[in-house]
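What follows is a structure written as structure tokens; I'll ask about it next.
Chains: A, B, C, D, E, F, G and H, in written order; residue numbering restarts at 1 for each.
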Amino acid sequence: MKHEMKQLLEQVQSGAISVDDALLAMKMEPYEDLGFAKIDLHRRIRNGAGEVIYGAGKTVEQMIAIVHKMLSSGQDRILITRLDDEKAKGLTDAVEMTYYPEGHIGIVGGMPPKSGNGTIVVATGGTSDVPVAEEAALTAEFLGNDVIRLYDVGVAGLHRTLAHLKEIMEAEVVIAIAGMEGALASVLGGLAECPVIAVPTSVGYGASFHGVSALLSMLNSCASGVSVVNIDNGFGAAYQASLINHAGKKG
Amino acid sequence: MKHEMKQLLEQVQSGAISVDDALLAMKMEPYEDLGFAKIDLHRRIRNGAGEVIYGAGKTVEQMIAIVHKMLSSGQDRILITRLDDEKAKGLTDAVEMTYYPEGHIGIVGGMPPKSGNGTIVVATGGTSDVPVAEEAALTAEFLGNDVIRLYDVGVAGLHRTLAHLKEIMEAEVVIAIAGMEGALASVLGGLAECPVIAVPTSVGYGASFHGVSALLSMLNSCASGVSVVNIDNGFGAAYQASLINHAGKKG
Amino acid sequence: MKHEMKQLLEQVQSGAISVDDALLAMKMEPYEDLGFAKIDLHRRIRNGAGEVIYGAGKTVEQMIAIVHKMLSSGQDRILITRLDDEKAKGLTDAVEMTYYPEGHIGIVGGMPPKSGNGTIVVATGGTSDVPVAEEAALTAEFLGNDVIRLYDVGVAGLHRTLAHLKEIMEAEVVIAIAGMEGALASVLGGLAECPVIAVPTSVGYGASFHGVSALLSMLNSCASGVSVVNIDNGFGAAYQASLINHAGKKG
Amino acid sequence: MKHEMKQLLEQVQSGAISVDDALLAMKMEPYEDLGFAKIDLHRRIRNGAGEVIYGAGKTVEQMIAIVHKMLSSGQDRILITRLDDEKAKGLTDAVEMTYYPEGHIGIVGGMPPKSGNGTIVVATGGTSDVPVAEEAALTAEFLGNDVIRLYDVGVAGLHRTLAHLKEIMEAEVVIAIAGMEGALASVLGGLAECPVIAVPTSVGYGASFHGVSALLSMLNSCASGVSVVNIDNGFGAAYQASLINHAGKKG
Amino acid sequence: MKHEMKQLLEQVQSGAISVDDALLAMKMEPYEDLGFAKIDLHRRIRNGAGEVIYGAGKTVEQMIAIVHKMLSSGQDRILITRLDDEKAKGLTDAVEMTYYPEGHIGIVGGMPPKSGNGTIVVATGGTSDVPVAEEAALTAEFLGNDVIRLYDVGVAGLHRTLAHLKEIMEAEVVIAIAGMEGALASVLGGLAECPVIAVPTSVGYGASFHGVSALLSMLNSCASGVSVVNIDNGFGAAYQASLINHAGKKG
Amino acid sequence: MKHEMKQLLEQVQSGAISVDDALLAMKMEPYEDLGFAKIDLHRRIRNGAGEVIYGAGKTVEQMIAIVHKMLSSGQDRILITRLDDEKAKGLTDAVEMTYYPEGHIGIVGGMPPKSGNGTIVVATGGTSDVPVAEEAALTAEFLGNDVIRLYDVGVAGLHRTLAHLKEIMEAEVVIAIAGMEGALASVLGGLAECPVIAVPTSVGYGASFHGVSALLSMLNSCASGVSVVNIDNGFGAAYQASLINHAGKKG
Amino acid sequence: MKHEMKQLLEQVQSGAISVDDALLAMKMEPYEDLGFAKIDLHRRIRNGAGEVIYGAGKTVEQMIAIVHKMLSSGQDRILITRLDDEKAKGLTDAVEMTYYPEGHIGIVGGMPPKSGNGTIVVATGGTSDVPVAEEAALTAEFLGNDVIRLYDVGVAGLHRTLAHLKEIMEAEVVIAIAGMEGALASVLGGLAECPVIAVPTSVGYGASFHGVSALLSMLNSCASGVSVVNIDNGFGAAYQASLINHAGKKG
Amino acid sequence: MKHEMKQLLEQVQSGAISVDDALLAMKMEPYEDLGFAKIDLHRRIRNGAGEVIYGAGKTVEQMIAIVHKMLSSGQDRILITRLDDEKAKGLTDAVEMTYYPEGHIGIVGGMPPKSGNGTIVVATGGTSDVPVAEEAALTAEFLGNDVIRLYDVGVAGLHRTLAHLKEIMEAEVVIAIAGMEGALASVLGGLAECPVIAVPTSVGYGASFHGVSALLSMLNSCASGVSVVNIDNGFGAAYQASLINHAGKKG
């Protein structure tokens, strides 16, 4: 942004454009208005991986239009999250997309090569947490990361957790996904030597309050190095995990 | 109670007492009214250990009166909980009492011999949970139990927890005491082969909400065999643990 | 676990296995990975009763696969909880299972002989609490316990509660199940001489908040010897009750 | 109010007052403005008992001014609630007032004769609920009611409750006051044949949440005929109880 | 109950029954067990009006069985609450019942004559509160009360409320029913000279939280003489209102 | 109201009507009772725009009846909110109405001319907030306001917000509509020089708690000049915005 | 801001400043950094009234420094909110300031002339709400508004509210301030013809939850034209009220 | 850990130690038990920076003992958090420690050289958030990071935020600290190209609920790449930020 601003000022200086046009340009934004949504054509994800569509609440028609606009703007890869089976079917009829039903993820343009510093471990407390975990794992892969899935390693069976000590201790980032009491984040936070991103899930019943119990547990983790994202937000965890796994690569 | 009822009916049958007196007697209760509190002289704790006074909100004078009444009614041992240092001083001036400041517990008449089936493990997540743990441990000892204290064995340093695997696996009951995220209950629930009674503590800050986070975690524990008592209720946990440690001894 | 560890070390000492194989073995776990779930073939419930499958969220196909794997591993008896009528039908077509619709429980291999110290009383406040009570009662029976059902004995009709004073006072454990205001736990806690495990239910409307009101009541019970499990968690209460009813039988 | 309106209209009709004066009069209210509070000199409590001052947050000077104004307006009896010991001392120096420290109540002009249909039973679960109970009992007496105090009759010691069955069943109104789990309201609601007004108290700790647990219990009471007032609102319960105890006396 | 006890004791005294039989009889209760519900054949509502069945969660078959049992036990009038249209149809095919769809109420045996001291005003804030109001009004009529319905008199249009000042001021009891902000209870509480029972309703959206906002408003009413029942509990309000409207009629 | 009162009093004075008739008239209200709803025929919205029907929970038949009554009473324009597509179809069959499906709004009698001081900006954080925004925008237009729609200008893409700085700074009122974290209100509150009315929406998942998160954010806005309406209450925001946009036009 | 931007671009165009200096200038802000706070010297409140300091959490020394800086920057009038008596004393020793203890407000430079379209009515439900009301009233006066104070006009004494119908109906804005049940906002919202800004206060006890009950009531007001600010936020309400009272005066 | 295990197994193999000693050793942990706390002498923070003591709830004597033990075990640098001024004074009398009062931080052994990939930006919404920010900033510096402080850059004055666009966009990690509505996290999340760790603070009043409002806002941030730690947990945010700033440096 700063760069465009400087160019603009230089054009004003050189008389290439008028003051009023510059003023206008400074307000112009590189997004395209489809009426129901503004698409950010510039905001391409930093490591070159692609663009993201949040599928929930969008019709098949809207998503097809957005995908076409993105592709025609030069976008190579598109990730669509929160896609149900029916809409996925509608989309695959219209665009070349791979659908991953367990994570409710559609991917246009395939996965990129791995580009991170190391591996991202995606661990879950139980099998019911797998849909959120797959949203996280597929997002991380879409963003160019090597992912190790450790599912059903909840702390009530500690030997299952400990069986994967090596992967946990060698990871660049750990995503700890759990519902109910959410203790997995604390245990992994104590074992891992890297940042742990905790994802509470809405799995559970009664006093789990649709993920609130797990969320509070994770926020109160006595282990250092743990931070938390919204309930069921596998995408958000993977997005931040990818930033971390690509850290120190700027220059 | 059923026994007294039968006696009463037999006295009515034999004409030893009138119908009206029987009616009256059935309403009479073996407690003594001190004005500010009704003392249950019959409800002596089952394994012969003694009687309990809940010290919070009672004046020193009231407690001295209750203790004297109890002793004069033949009670040998009295446990006073939630006793602060100042009141403890006032009490020890008037009655022979040992005061345990860390657990805010006063004991009149000393500890009874051990009478349970095995040991009660009292474990805490951190050092700040120790006051609640001491309330539990001393109560359990007052009720005739062998107690093993495992303090500061929280799950963020799993090696500390696992260092005591033997004690945990050999216990008759485990009392798991933790604040913040309360994950200790789940981990101990997964390791122990006996009932685990979880005590959330009000230790923590921010989103720990004075113990609510730990309480919810413990209620949602994915480990079987875990039940929960009120926040900071070390006494209640020890009372139930003692019942369990004395189970199967009725006949 | 400690036992296997010792064996392993002795094998290393004797040269029977290499250091690396021992390291590997220590990480190997006696569970089998079916892809969607890790089955604990070792964790057979302690008193020999059998293994448990949590039916909610599993497909009929997944459950059939798990059951077959368990049976082929030598498991005699299997308890399936949270099973709806339709899935139960699907299961009974494929495996020999008795389905108890009121408790949403399926049992493979029948009930074991009674092995506890005494009886477990399962009491409910109203008729709407019966499904949770049946989950508890059937689980307790599956774990080798003698169960007495006292349904619809809520405290608003105290004579109903008192009519069963004998069963309550002779029990080894009482499971108190109630929705709405959950007062049953306190009243039974005051009457019983054994541990009382309270189960709040989501029965009620308005300010019952799907069981929260009953949960809070039970946590605040002024009766000693009461602990609480999650809302509607009949299984958890019965599991702990069974541990207590088998207490003192280790050695 | 309707009566004054009619008088006013008749005066307009007769020309005794002008239209504008009538308009003005209709807006005039029989209260006196002391600057810091508007006193309702008309709203004398219906059964002739007197007027009420809510003492919390008022200075001694303000209360003295209000009392003097009321007395000079012909008020015979004044009830002052939520009065702490220090302010009570200040007031008794200036006006003839009896102070009841347990209920934080001051009364000017003494108690009126009993005028209700029967008795109001004020029952508490424990001894810590007594301050709220005394606020209720003294208010009820101030409003001309016969009050029976049943303190420390909580449901964890059911024999204590049942010992007073006669008083409970013969009452015109029962005020059930309890903190912690608030089960007293349901038990009394099941035993009494009259309206039960439940008062949750802020007594308790941990998950009692300063009276919320008791409040929810009471709102969810499975006994018919129970209604609830705000936490610690002994005055409000007594006020409504007095209305009920004087019911059917209008004509 | 006291009466039967006395009779029993006299029979023991006279030798008419043995001690053991008396013991047994004391535990026997005059209810009949239908398996799925215990019916209280004695608890006939005090003013002779009839018995009540809570319809929610009961099948048509269960309700028919209960109704038949009640009728054959001499019950003349039965009130069935929370009855949906479909179940009502099923019931009317089997028993002579009048169904009131707006209040989801079925009545067997018709309405009794009016027997109260005066009128019960049932007022609502809006038209959406009418179903709860009809539950209250029909229940009150079933219990022998004269009912005045004042619907849609919410405080945002104060002239509507004030148009009914006469009915409000002459009532024996007012039932104030409102959702959203629940201000109706405070305004009616300020106008009425009799007890006001407030019923919060789950009407509203957003921050009304299914009746919690109205519930809190009503509990905090600054008007004296207001008590509150559970959200949407029209029956409970009417039941207590009827007790009040029949107060002073005991002797 | 004051005016009618004066007229009435003058008629009493002149003897044109009797005192009793005046009393009666003062209670008479200019609304018409349709049984299911009281219509305020006088309460025509102040700037002459029309009358409003809250469509949620009303049947098509009820709405047709209300519309016909309003039209026959001389109402020119009617706004119907919370109208779903199906009911809208039913209505358009019976009355001349334009239906705006995105805002669930139906309008009878068309839009009035613009009469406000300036423009009302309706801004949303995302595309999912558009239904609430359309309810607000159409209501504002129905009330005679010039509306500028700025949709999908959420603060995570600040350049989108800033692109509309001119419209925001020149508005008479800004309506800031956002779900999730609701930060839009603070940012617009900091940029605008006019009142900002914030509308939290129930858009989001997990810890958004159906709009509670956005609601709290908006209430805590650190920007001055921001006030808040209920979750999803687009109508309420527009109603107040219209009052503000017509401010200073009374005399 | 737009204006300065244009100037800047013109200077770049004319060569008056370099591109880099322009870039820098665009980031420069007209605030002064005192280390502990950034003062906005440009953001002078629009109608010329002055600048505001939020006193809570600032030391006397910090406030004196800020005041001196503001005065030396040409600010004539300064409003300091949330000022306790002790700090006020410290300030008045150092700067010429009038302190209003009831509203915890200090004003430097005196009140400006009235400049609004009409009057702002500040109404409270009780006398305990007066401190919040005074914060609102004094702020409004500081911002150049004519204020009418209507204190203690709560809805439980409706005649008190109605006695001020004229002031309410003639106001340009009404600020409705109430704790407990917060019904005042709905009643005033129904009576007033102008925007009503509701301020919940933390006055009350028990289930008032420090203002949450009043806050929810106000958000759910069934009266149109009501919006809400944070609990106890008298300043915020007055700030927006002043914007509204000065509306339509831009051009 | 894996390494020590292998060594141990090799010693068993070689006969250097017995099986029982190995078993024992495996349970031995490199921490030292001071009675009131177990010190982890091995868990030295990874980048060599030092060890941390959580000062809240520890006495001066306990902290001195821990510091001495750590120093004598070879620890060079110690960070003490949540240290109040009085305890800090006590500590500095006994050990060589620098105390930073604004962050309530004490540091023994001084700051290490900078070792991260880039800068950590610590930004706050207001001046009241500075104590939390200083806890974060000093922790980050103690862990070897270059820190840029941007205080009082809240979104209600967007120009203040944008004035630091360069620092924000060039950071390796941003720590966004804000109370009240917490919008800062979303705005920085939209501007930054690196992970943003959000810290809600308990700053605010009323509906800020001691940080809950900010916490919910941050969890619901619509900006990708934002995760959240507990309320006021500046240390936790800095700890994770340091891990991220040192990422990719393992090998």
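Here is the rule we use: a contact is a pair of C-beta atoms (placed from the backbone, for glycine too) under 8 Å apart; a residue touches a chain by one contact, two chains touch by 3 or more.
Keep in mind that this is a model prediction, so the values were computed, not measured.
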So which chains count as neighbours of both subunit C and subunit G?
-> A, D, E, H
When the Cα trace of subunit C is superposed on that of subunit F, what is the rotation angle, expressed as a multiple of 5 degrees?
-> 180
At what distance in angstrom does the C-alpha mean of subunit H lie from that of subunit E?
-> 59
Subunit B to subunit E, mean C-alpha position gap in Å, rounds to 42
Distance from the CA centroid of subunit B to that of subunit C, rounded to the nearest Å?
-> 25
Considering subunit B alone, which of its residues make contact with at least two other chains?
-> 1-2, 157, 162, 165, 206-208, 212, 215, 219-220, 224, 230-231
All touching chain pairs, where touch follows the definition stated at the start = A-B, A-C, A-F, A-G, A-H, B-C, B-D, B-E, B-H, C-D, C-E, C-H, D-E, D-F, D-G, E-F, E-G, F-G, F-H, G-H
Sites on subunit D touched by subunit E in the complex | 1-2, 46, 52, 117-118, 165-166, 169, 172, 193-195, 197, 215, 219-220, 224-231, 235-237, 239-240, 243-245, 247-250
For the complex, which residues does subunit D have touching subunit F?
-> 2, 5-6, 9-10, 12-13, 15, 19, 22-23, 26
Contacting residues of subunit D [partner subunit B, same complex] = 127-128, 130, 152, 157, 159-160, 162-163, 165, 205-208
In their shared complex, at which residues does subunit A touch subunit F?
-> 1, 27-29, 31, 36-38, 40, 43, 56-58, 200, 202, 210-212, 215, 230-233
Could you pull out which subunit E residues touch subunit G in their complex?
-> 125-126, 154-158, 162, 180-183, 185-187, 189-191, 204, 206-209, 212-214, 216-224
